[in-house]
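Several structures are given next for inspection.
There are two complexes below, and they share chain A, which is joined by chain B in the first and by chain C in the second.
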Partner chain A sequence: MEYSSDGRIKRGNHAAKMYIIIIIKCLKTLAFTGMVGLSLGERHFIQGGIAQDLRSDGRKRLTYRPLSVETGVIPQVNGSARVRIGATDVIASVKAELGKPSLLQPDKGKVSLYMDCSSTADPAFEGRGGEELAAELSNALQNCLLGGKSGAGAGIDLSSLIVVEGKICWNLYIDGLVVSSDGNLLDALGAAIKAALSNTGIPRVQVAAGTLNDEHPEVDVCDDEFLQFDTSGVPVIVTLTKVGRHYIVDATSEEESQMSSAVSISFNRQGHICGITKRGGVGLDPSILLDMISVAKHVSEQVLNKLDSEIASAEAEEES
Partner chain B sequence: MEYVSPEGLRLDGRRPMEMRQIRAEIGAVSKADGSAIFEMGNTKVIAAVYGPREVQNKSQQINSHALVRCEYSMANFSTGDRMRKSKGDRRSTEISLVIRQTMEACIMTHLLPRSQIDIYVQVLQADGGTRSACINAATLALADAGIPMRDLVTSCSAGYLNSTPLLDLNYVEDSAGGPDVTLGILPKLDKVTLLQMDSKLPIDILENVMQLAIEGCKAIANYIREILLENTKQLEYRRGV
Partner chain C sequence: MREIQLPLSQTQKVRLQKALETLESLSRKVNSDASVIVADSIHVNHEDGVLKGHGTADLNGEVVATLCGVVERVNKLVYVRALRAKYKPEVGDIVIGRVVEVAQKRWRLYINYNQDAVLMLSSMNMPDGVQRRRTALDELNMRRIFEEKDVVCAEVRGFQYDGLHLQARSRKYGKLNRGQLLTVPPYLVKRQKQHFHHLEEFGIDLILGCNGFVWVGEHVEAKDDMIEDEVSQSDHQVLLPNKNSVSLEEQEKNYTILETRKYICRAANAVRVLSTLGFNITLEIIKGIIDLSLSMNIDIHDMLGSEFGVLVAEKEAERRSSNKKKR
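Take a look at the complex of A and B:
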């Protein structure tokens, strides 16, 4: 580039000027689109690290951060759990209420998922700011955990929630709260919900004799006898985030800001896919997608084992 | 209903002048500049502080001192019966305002001109006295963030039921319909920064109830100071000083 004596670019050197303008424009758009303010150097560092299979926190591409589970954290609900993956911290709670099953599915209970992003996790979640992400997370979790609209393929056996067919059933309300966010919220919430469900005790219900055929049967809820859920069928979610030409698991928020797309796949114990959600605007080659699924399946086995042992030790600790 | 038994015990087994068990923990949200968990019995809140940082909305910038903002929110599972509340209902807006004003009074805002401090409080379990718990958590979080303050504001509530002044009301006592005095003080400067009361109370009894709440605030202040000291020792140890 040629400069005049006062430091400005010489008039006439049009190409150089345009070049600088384009750079400034690029930087401006990046500053607005990136959730995390990263410099060009930092971005190269993250991308380069992922390409070399050594990420900025020392992990490999397919390694999870340490995961810890604490159950029974909220005393006023039927089941709850807090899951921490690195600096990501989420709480899930399960509340059971007696209700009426829907007319279309008289033999099934209802499960509703509500996620909430607390503004403590990120100032951007202030006011209604977190609602969009919360809705996205609720939807993805619904896809991955609850199966189709008919309830087929759900991780939870919905027919076990029935008290009197067509008249009384348990409604499960699953609430999630993101307390601290450092990427990979979906996997963390999925794990927290699984842990909360295994922590859940549903009170035993006795239907008063003789009122079984009435419109509103009388029920007696036991306070001391609880039924545990079978949560072996509840899947885990593994999110693969594509950065550059490679994909990684358990991305931090810095890494997520560099992603082109992310695929969340949920697997159960048998290794069956229970749901898939793809996020991010950039398209994926179908063959890469299939490759990602097989990698995710392999990772999910490790995650399931790790999660199961963490849940078991958390339950043991709570009882002691 | 009898809130104090003839033996002088309350519904949860406390004496009238006894506080619930308090527990505090610093650094619950690692991404925030300062954060804390504060528990008073079954009430549990998380506070996170972001800042001092650049003002996000330039039109709100104040050239002489810092802008303090606060948001209070309750988790869906925080109360006994589950309800879905949208953020920004009247109650949370009012509590946000109360917390903001109380914290603003103790932060030395003139030292941080053209900057913004955000305080977010999230209620995880609500069992009465959330206002007080939020203020205590916010104080700890602000101290953790290293924001200059005149003093550590602490807050505690007191009530008057069955002709007995009661310290630190829980939800059942709070909803009994008696007076509920929420007090916030600057313990070292010995000044009251927050005083709220509903229902009616004779002046001479108010004096007693207020005195009881002040004692409660001072006890909490001592505890908070201990926790902060312990935290500083830990930090010092980690730095290897």
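Take a look at the complex of A and C:
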């Protein structure tokens, strides 16, 4: 790995192409775990199941629940998708607006993530109850999808959002909504965002030729011509939840209530890590963390394939 | 209760539709006008006079439903009992609840009713099995019996001025350990002669609570909990609830053995499948599903997939039509 002068890890042609941007943040344990109260016997049963590699719903430790994708669920936005993993149900939408790029990065567009937890998902989310969790989720997704400050590891190519350098760019507003929560929200939201982005059509923009050098160039937004967004670089998030000595993927809320810590790692098609975030109060041994990364990488390949085929069939269904 | 929708392919949709149509054609025609959806008119005899109850409204002199559910009539009163609603207790129901509070001489239990149910210390058998007055010491030792968050099985005793009362006057009631609690819509569990089931071939217990809480767990012999030294101890001192002070290794030895756990998960998934399909939950049907999954060699987790769901619907249609022919 090469380091740039300001100490950040730079993208380079190093042999071991692992650009790790480790942004490990210890987030509060409570908000994610929900309000599940389990008796000692039930807790013991869940822990035993994880130790014996047979979880309460018959899954193995590294098996996902059935995943289903629906695209184009909101007509008013540029792209939207709904993802269900078991009883977890989330919706993501992408809205594109023309705006001005920031002075520091005149050749890049902007992406903002905003998550929301509906009070239909859990009575605890009523009023301002869901805000803390929503903020945590947005932060974690930011770490996992948008890469570091230097722009390395970003799932979305920000320079493709530029229309006129320094003057006009597309701003993407990605909103997520948790409709029903049964654990593993981060993976579901990550998948929903990926599906929503692949469903996104950005209108073709024509800049009036004479006004290109003006301060405010005139633009003409086409209503019927859309550019497909390139989502091949958007990573998937795999969360490994550690319960006892073992770790599991796709934990339900009951299992999440028993976790000691959870690590969410995002991988892209090439198997590169795009971001890591950790939550839960208990520390992790570095060797375990590396072990988890290699397991998560293996799982992420399956998830990516599954997700891609689901997105393709959802889009085919939408068109028909 | 979080609902799961099965993602179905085109052929699966057609098959499920067909199975459901068969089931509908088999249902009894006598009471078919009793189930209503919103804005259906309810037939009433205006000469006798009617009392419009919950879920009904007056529209141009006609009584219409404002809820989806079943029309119930009690003398003059006409009301609609919604299907997707909270549990409505009846005396003698077997329910499963979760302790939310240990209060003065009573436990409060969440049973999916509008209010928490009350289980009095005096309306349950003491662990030592002796019939006697409950002393202050017993009251102090209440957490030895049930703690907060414990899953408890009891019977509905009746309504009193301070709420719904439960009782647990038999050894079959009490705390449930080593297993999992499932929640299904209460209307799926019908009142039956027997709610406690021991599936001997699998070594598991199945308790179908009328409130839609279903317990699937390792089989425990209904044994006398009388332990002499503990009784003599409890006569004189306040006992602390035994916290999980055992080490991790010891705990692992006590885990449910894998073979039993497999059957527990299989039975639990059978209940989950029935709940997603909206079929009644009875021992016979659950056993049928377990056998079906075993005979087809289906992985436990794949029981929750759409293919198996459609298969169960088809089998159920087949079973009910063959039952009909026999009659």
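Things to note:
Everything that follows uses one rule, which is that the second predicted complex is superposed on the first by the 285 of 320 C-alpha atoms of A that agree within 3 Å, B and C clash if a C-alpha of one lies under 4 Å from a C-alpha of the other, contacts with A are read in each partner's own complex, and residues count from 1 in each chain.
Everything that follows uses one rule, which is that a residue touches a chain if its C-beta (ideal position, glycine included) is under 8 Å from a C-beta of that chain, and two chains touch if they have at least 3 such contacts.
As the structure is a computational prediction, the values presented were derived from the model and not from experiment.
Aligning the two structures on chain A places chain B and chain C in clashing positions. With both structures placed on the common chain, the touch criterion links A:66 to chain C but leaves chain B unconnected. Of the two partner chains placed around the shared chain by superposition, neither chain B nor chain C is touched by A:138.
Of the two partner chains, neither chain B nor chain C is touched by A:300. Judged by the touch definition given at the top, the superposed model places A:127 against chain B, while chain C stays out of reach. When both complexes are overlaid on chain A, the residue A:93 reaches chain B alone and has no touch with chain C. When the shared chain is aligned, no partner comes close enough to touch A:277: not chain B, not chain C. Of the two partner chains placed around the shared chain by superposition, chain B and chain C are both touched by A:180. By the touch criterion stated above, A:241 is placed in contact with neither chain B nor chain C.
Aligning on the C-alpha atoms of chain A brings chain C into conflict with chain B at a single listed stretch, 62-70, out of 62-70, 242-250 or 296-304.
Once both structures are placed on chain A, chain A residues 87, 180, 182 are touched by chain B and, in the other complex, by chain C. Against chain A, in their complex, chain C makes its touches with residues 2-5, 7, 98, 147-151, 175-181, 217, 244, 248, 251-252, 254-256, 258, 261-262, 265-266, 268-269, 272, 299-301, 303-306. Within the complex formed with chain B, the residues of chain A that make contact are 74-77, 80, 87, 89, 91, 93, 95, 97, 114, 116, 118-123, 126-128, 173, 175, 177, 179-182.
Contacts from chain A toward chain C in the complex involve residues 37-42, 44-49, 51-52, 54-60, 63, 65-66, 68, 84, 86-87, 180, 182, 244. Within the complex, the chain B residues that touch chain A are 28-32, 35, 42, 46-48, 50, 56, 71, 73, 75-77, 79-80, 82, 84, 87-88, 118, 120-122, 124-125.
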